[in-house]
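One structure, as structure tokens, below. Some questions next.
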């Protein structure tokens, strides 16, 4: 193994740059050449890549986003796209590929790596924490803290104005961010895709609590479970209490990565390089039980189960 | 003058607590008794108030929101409500009132103070910075920095994914926050109520820039000038480029006040107490040219003019 | 079990308030009465405690410090102090004690609980992460992120002015914070108690790198391994390059707890109450492999081993 | 005027990059060529400079430090150094110079510009806010907010552990940061160079307050007025109460610039370019009474007077 390439795909996540830095520097330390591919699979297809040296990744460890950029690439789902991507790999004598991204990125890497016999190692970076078989992903902790900061701010107004807020957070079809933020934010209710919710029951709770004197509520809703705007409207209609929606959106994707997101980036990216050096392929590195580990792509891309009941129960017990 | 009261009304703003603290402690230093009225005018009408001592305002200088709470109070617009409020003032022997709030709060204080002969001094606290005749309000700097933090985060994704974002910020019918955030955030465009905008021209600029290679845009829109969702939808339709809306909402109202918001709170709140002690009434304190000043309520509640053209031009010149 | 008490001892850690809140609310949910003891053991000795209700812990989940306060208490090391503490427990019919604190707190709880037959459960809260047998403590993640923010700031100047900085971080005789911060901050060197360091070798590296053009360095030093001032002075003398010391000190103890610190607080505090309800005693709850667990006090208070070599090697490989 | 150059000198300040960006982009908008000089005067002497285009300043508006770097340059105080600097200016056909920096930078620009007939305009960027004749400098607001964040953190521990802290902040021989931070942080005492202080009186206050039950103090000390370590030691000796020193140091220099620091950077940098275009020279731009203005260098470099008594009195009245 003489030369590897690294790319970032899917939605950007804070810590991707720290992971790129670690792949490049650790690769160089291990006597490898490391190429950076721009805009994910698109860059492979269009041969947009270049050699990265030690200095090229200076000063990025604390930056959100990804210096290699990321993009959607429908061409890569087609035969022709994959063929061109493989041609780039051959032409540039790339012996292995580090794919930094989420669930969708791993699916693509699994298909491509298997079909064209390219050693691919996935590094899980996604704010959604939706990779099966591992505890957490690069960027997840940062996104949760960003959303939590927003919740803390909203709490000031909720308490001062005695109002109800519905805050929509990211996470696609996964309620992880919502649940984590609701627990850490001391929120009164959380609505997630993994659990059926009964808006009438929530409204009943609100009215009931209101009579006892509890007048401010923050309800966190995962984007996959509903829209803050719809839910706020329905609560207002049912309870006759002023309810405001907030949609944090892509604010949760950016920003300085937290210590944990950078720490993961460092450990997992270096482990990915080690995997390639050991001749491994078609698997993702991960962090499980405070240790780096590897899981095959097929496991990683399965739907992740969340211990929803336990934490939802906990939320209601301490609210 | 032996006893004064303080209340917060309108939307909460970061630094209100620092202002309450300063009124209470400075009042006590000046041998006054200070009563805190809960939930703004509502508390006057319903006689919800209590004496505040030195310790009662400990540990709040760095907290967002307001410990006195704030509320809408339609009853105060009616004769009966005002009469009851005045009864509370008489019953509790309150010689003067410090009203911490924004434009609407000052209007109410002007009407009430004049009609019932109650010395009222306004302390401008509003994230919207919409008080005429003064440079800035308590809370404005904090809200701008909060929105700017969100913009900085969005920039990470805008650059990494090469996308267009429309970020809606607060400010009611005032474009101050939007303009300040767009300039400090290095945003490509800003849409504010004070300036007619031409969405087709903006779309033309986007497409034109896209051809030259500039693919990420952040467009800030003041809530009074349009909805991020509508604008994003229209840009997508016209340019065929993916455009995402973000609505920061009440996140901008809360959080730790900045140094400037706290500094203003301290200066203006103590000046308000001094005004009452000097026998002044029916006016607002303000900060102008780095000095505290006073302006009559009638001036303060006029529509504030913003030097829009100058700053909009500046934005386009450095983008 | 009808009534339990909770206290915080040792140095304060961000998340202690979230833990107090969880003990109180979860306890009440489980039909217990919960008393809060002020100033740690001192409050037991001097009978400074009171019943805490649901509302008494509102609005503290996101506050640093501890509303129950904490204090050193040499009297508790003596027979007389312990006897008086036990008298308070008997007099107030306290059936179990939740002790939120670090290593020293657990030692005291172990001695006291065993001798006077008081069921004590420890909840690990310490920025130093020095509890043996568990992965992390409440507050540790917050302190690391605070220190990391400082390092990121210093990096701006280090790069702009091309200077050498020595940053002293907390951690007593444990290098955990230093190592974590150095890795996540992309620092060039770290000096920790767990590893002998050779200042001459470091100076040699600095001079050598300087010749190659690398002119800015950040060296993190754990307080237990040396003083930033001394080390900076020696580097200046040896290399003739300007080197500045920074001592972050107690800034690392305070501030809004991170999501992780609050999440831990919630899980561990409720687990501690469950332990008491199950009749368990003389042990600490902990978080290990992303699960709550229990460990006996004797294990918890042993010197924690850190996998120093692995992470130090990693640091040098990616620098 | 066809070509101008920009450099940053003295200590770095947050917002310098925003100022560089504005000089470059506004200059280009005005049909000028803009060269960036590296490491301040050193770069002029050693001809380290290059043309900057529009893209070269992308993504830096929110970054601390300075991409042009800054350095001490004793050679520039000598005839020979200045001659070589002037040679660079002639050789590169530079028609005007924008000097971003503080008091010392302006002195050097004044001497050099006058002697060699080079149009120099100063842009005040310094965390110390020590430029005479203007209200505030680029970076000052950021540094104050950074120090304030540290004070807020320390307050958590001060309150929880009931201790005394002495926090040393920057500002050279100017007490501006210290005073601003003490007021906004709700600190009990501030020690600044502009006012004689009596440590025995402070100790007396502490002991006296301690008897009344006030046990936590935060004393802010400007670096020009004393050392936190010495003062803490003396307080401990005199009062027998545990007192801890904290030295924030260069942490205050870095970090994301606040909205105000970026806003100033934008306004002042563009004004500086306008000054050169209007044929002005030997002066600094500034911000006074919420408007941009110009002051001659001789005024700017005079010792700035601070209205110390007023604000110190205010501090004591609300503590």
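Letters are used for the chains, namely A, B, C and D, taken in the order the chains are written, and counting of residues starts over at 1 for each.
FYI, a residue touches a chain if its C-beta (ideal position, glycine included) is under 8 Å from a C-beta of that chain, and two chains touch if they have at least 3 such contacts.
Computed from a predicted structure; not experimentally measured.
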What chains do chain C and chain D have as common neighbours? none
Among A-C, C-D or B-D, whose interface repeats A-B's (more than half the contact pairs identical)? C-D
Identity of the chain that, by mean CA position, is farthest from chain A: D
Where chain A and chain D are represented by their mean Cα positions, the distance between them in whole Å: 39
Using mean CA coordinates as chain centres, what's the chain A-chain C distance in Å? 28
Send over the residues of chain D in touch with two or more other chains. 149, 152, 155, 159
Going by the touch rule stated at the top, which chains touch which? A-B, A-C, B-D, C-D
Name, in rising order, each residue of chain C that touches chain A in their complex. 18, 21-22, 25-26, 29, 59, 61-62, 135, 141, 144-145, 148-149, 152, 155, 159, 180-181, 183-186, 256, 258-260, 262-263, 266-267, 270, 288-290, 314, 317-319
In the complex, the residues of chain C that touch chain D are 8, 11-12, 14, 16, 39, 63-66, 69-71, 146, 149-150, 152-157, 159-162, 165, 244-255
